[in-house]
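Across the two complexes that follow, chain A remains constant while its partner is chain B and subsequently chain C.
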Partner chain A sequence: MDNVLAFLRWIVTEAAAPKLLVPLVFVALILTLKYYRVVTKPRVAGPIGLLIVVFLVGSCFDANFRKIITKADNIPIILLLFSVFFLVWLSLRRAALNDEAAEKGEPPLEARFKRETVLVWPDLVMIELIVIVGLTALLAFWAVGLPAPLEEPASAALTPNPSKAPWYFLGLQEMLVYYDPWYAGVVLPTMIVVGLMAIPYIDTNPKGNGYYTLVERKFAISVFLIGFIVFWIALITIGTFLRGPNWNFFGPYDYWDVHMSVPLKNINISEIFWVKMLKQGMPEAWYVRELPGIVMVIAFVMIGPLLLAKTVLKKLFKQLDIVRFSVVVTLLLFMISLPAKMLGRWLFNLKYVVYIPEYFINL
Partner chain B sequence: MASKASPGKPKKKGLFDRVRDTQIWKSIFRHGYPDTQRNRALAVLSNVFLHLHPVRVRKSGIALSFTWCMGGVTFFLFLVEAVTGILLMFYYRPVAYSAYNDIQELRETIPLGMMRELHRWGAHAMVLTVWLHMFRVFMTGSYKPPREFNWVIGVVLLLLTLLLSFTGYLLPWDQLAIWAITVGSNMARATPLQGHEGPFSQLLTLDGEALVTAGSDVRFALLGGRFVGENALLRFYVLHCVFIPVVAVTLMAVHFWRVRKDGGISGPL
Partner chain C sequence: MVKDKTHVTDSRLGERTGVPAVKKGTQDPMEMDPMPEGSTPFQAPELSTRREAFWLAAGWGVFGWAGLTSVGMLVRFLFPGAPFDPAQVFSAGAPEQFPNNTVSEAFKKSNQVWICNQEYEGQQILFALSTICTHLGCTPNWLDGDQKFKCPCHGSGFYANGINFEGPAPRPLERFRIFIGDDGSIVVDKTKKFQQEKGEWADPDSYIPAV
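Presenting the complex of A and B:
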């Protein structure tokens, strides 16, 4: 029995490491989208949900796990995980039902009532009232049961370790592992906001307006969900539960040891190229030194769009005008730049592709 | 103020009916008991708050399994934040020597201290529901024409919700607060051109003097100093209690108005 438990702990700890967890979430999402009609069936999704609950409850027997999970400010993230899981299921389930109906030539569920309308008073007002009463009760219950934390008074001299941003920004803080602040903290968030705003103007597919569906909007939904689930929710989860002192990785059952040291073995492209491959010293001038990295970035920016247009975006390339297509490609390249660097780090211990501290441009 | 008993009516009037018959009641609610189509419509039309709604809505639109009620819940949580926030403002002073103590008082002695819990958990919940609302709107394709612009307004509202939460995070003035804000605002240092550690910022010079320094970059403007101190506390307080809420309320009004003007909650054509 002890052996089995130890084995389970080992598996969970290994799988929780970002270099496995992020790809695992990604693969799980892709499989879900591919087989959504089967996966969302209650008799498949139900047991999966149950398994997650069993995992969480079972893990609570571990003191370290319990400590991090029950931290007052972490409760919303537990709520977030459950509601996202449930609502992804609900929306894909409805999509599956609608898509099946469409194949038989029937209208989607949302069209059941056709143009039928109801009076706001009392129908909608009643729903609102019930929701308000229920929510008030929930909030009151939460507020009575869980005191809001207050730590030691602010002190500019004592830096806590780890220092974490508010939980909803921990996905961004996690991106700092891979990119410098100017990119992970400024450029990427800006592109997220710009990208979100651009969605209605670049998605010209008229289908799937006002009802759940997957087949009619497969590409749009896949990209959105990869961004939302993998690069937002999963990164927040890692940043909150699995990053301890010095932003080191700690498994869900590990004690957060302040003194744990992780060897720094990440290296720059310039070093790989000049020292390891050409076996010579680093050139003096930065533009020579960083040439290999700069060439790689330019290649990413120039060849990336061509590759995309020939492969995943083949259909879009034909449908969209040049302006919209350029915007789509630009946004996608920004999005891909994150997993690209992640892979570089996990596979080659890559630190920077381009390293020009003279101008604070490190990528 | 009892009304005259009408001779033809056999049933005696209850207290409620009497209240409804007073001039005061009738001056407030200008419609009869909402049991007829006409009066139900008037109940919505003659009330400025309910008039956010149309008189009739599509049945499919209000199904809980369609909207998950997430936009409505977000709005409700915003109202909770406004009410509890105002109560907190009675006790809390945004100056470094008292801020922490005021929060401690709220925890320990002040009868309305639970407002702090409601306010904090409500804020967390609002961040969560606004994400889920966006997720729902995306999954139903409700950003497609004619609702494109309302989606854009929504993205701004999402940003404002996060900023509201972020500026509020500093106010307890404890270790968690200043260091979370320090971590967050450190990003601004690295803003291209405008942060003193950002790419290209050192190219901005005047007569050989750097224009963008630790004492003049965007982070300095945000914090009112080189680090998270008293000035930052005051700035965040004003942003949190006045500026962002006013902008958010205005945009919410536009958002709700547009939901109606764009043809109500979306549905299959």
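Presenting the complex of A and C:
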């Protein structure tokens, strides 16, 4: 029995490390999208949800796990995980039902309820009142039961260890581990916002309006869910539960040891190329030194779109005009640059692809 | 045929509001009297009594006083009375306080400086390192067991000589100007900083040879 538990712990700890967790979430999401009609069936999705509950409750027998999970700060994140799970299931389930109906030539579920209007007075107003009272009561009880933890007064000489951003920024903080601050903190967030604003202009698909569907909007929904689940929710989860003192990774059952030592040396592409591959010193001039990295970035920007147009985005390339396609591909390249750098860090201990501290340009 | 608009009357508006219909286009709007008969146009009350004059002066006086005071407070705000920043140039004591291959945290809290006695490029030197992480400005911790500075915010790591080697920090920690004062003690001058990536660590002002 102890052996089984130890084995389970080992598996969970290994799978929770960012280098496995992020790819695992990605693969799980892709499989869900591919087999969404089977996965979202209550008798499949139900046990999966139950398994998550069993995992959380069972793991609470571990003191270290319980300590992190039940922190007043972290409880909303647990609720967030369940709400994301439920809402993604709900939308994909209804999409599956609608898509099946469409194949039989039937209208979507939403079209079968003739509900163009709602009764406002007193029906809707009463419902709203009840919800307002209920939520206010819930917030009041929450504030009394789980008070917001206050820390000691701020000091310039002492940064709390670990120093965590508000939960909704923990995905950004995780991105900052891999990229230079101006890229992960300024360029990428800007591109996320710009990309979301651009959706009405680049998504000209008129289908899926007012009803759930996946077949008719496969690309749009997949890209959104990958960005939201893998690069936002998963990173928030890692930042909340798995990043401890000194921003080291800690397994779900590990004790957050401030003195834990993790030997780690990150290296730049220039060092890999000149020192490790060519076995010579680093060139003096930065433009010679950083040439391999610059070539890689140019190749990523130039060959990436062509490769995408030929493979994954073949259909989209035919559908969209050249301007829209260029915008979509540019946004996608920015999105891909994040996991690309993460993989580089996990596999090769990569620090920067282009490293020009002389001019504050690091990629 | 163009319809002659000058004689069109808006009878519906008149019915609803009780105001007699006005022939559109027959009158210049500026000349029309918008007042119903019997009412007088607005006139500023005259300052007929001394009491009214008093209250007017008092009102403007209070308003002016409040305005002047807030401008004065704003100007005063620009010149803080007590500088809370620690001195930019401070004495760190005798060089013997910092034995070879150590990092002193004695001035971290008061001046945000580590005094290090480390070997750098084959030379044993004393230098003052800034406690501000070059990634996003958190304060790293000195881990004596690992002989490194480790930032709690994003996991950047620096060797004892200040060179970055792990995590996202793009450049080494900054050095401050350091020299031996007239009384033989170490003086750190935080107004001048030296950045390794600009080749400034070769500047003799950025370190003093250890004894």
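Rule of thumb we're sticking to: the second predicted complex is superposed on the first by the 355 of 363 C-alpha atoms of A that agree within 3 Å, B and C clash if a C-alpha of one lies under 4 Å from a C-alpha of the other, contacts with A are read in each partner's own complex, and residues count from 1 in each chain.
Going forward, a residue touches a chain if its C-beta (ideal position, glycine included) is under 8 Å from a C-beta of that chain, and two chains touch if they have at least 3 such contacts.
Quantities reported herein were computed from a predicted structural model and do not represent experimental measurements.
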Which superposed partner A:51 touches (first chain B, second chain C, both, neither): neither
First, second, both or neither for A:11, with chain B first and chain C second: neither
Which superposed partner A:246 touches (first chain B, second chain C, both, neither): second
Partner chain(s) touched by A:160 [first = chain B, second = chain C, both, neither]: both
Which of chain B and chain C A:179 touches, first, second, both or neither: second
Partner contacting more residues of chain A (chain B vs chain C): B
Which superposed partner A:135 touches (first chain B, second chain C, both, neither): first
Partner chain(s) touched by A:352 [first = chain B, second = chain C, both, neither]: second
Partner chain(s) touched by A:259 [first = chain B, second = chain C, both, neither]: second
Overlap of the chain B and chain C footprints on chain A, listed as residue numbers: 155-156, 158-160, 163, 173, 180-181, 185, 360
Touching residues (chain side chain C, partner chain A) in the complex: 108-110, 112, 131, 135-136, 138-141, 143, 145-146, 150-155, 157, 165-168, 170-171, 197-198
Chain A-facing residues of chain B, complex: 34, 37, 40-41, 43-44, 50, 53-60, 62-66, 68-69, 72-73, 76-77, 80, 96, 100, 103-104, 107, 114, 116-118, 120-122, 124-125, 127-128, 131-132, 134-136, 138-145, 147-149, 151-152, 155, 158-159, 162, 165-166, 169, 172-180, 182-184, 186-192, 195, 197-202, 227-229, 266-269
Contact footprint of chain C on chain A as seen in their complex: 155-163, 173, 176-181, 184-185, 245-248, 259, 261, 264-266, 351-352, 355, 357-358, 360, 362
Residues of chain A defined as touching chain B within the complex: 73, 75-76, 79-80, 83-84, 87, 90-91, 94-95, 107-108, 110-113, 115-125, 127-128, 131-132, 135-136, 139-140, 142-144, 146-156, 158-160, 163-169, 172-173, 180-182, 185-187, 193, 196-197, 199-201, 203, 205-213, 217, 221, 224, 228, 359-361
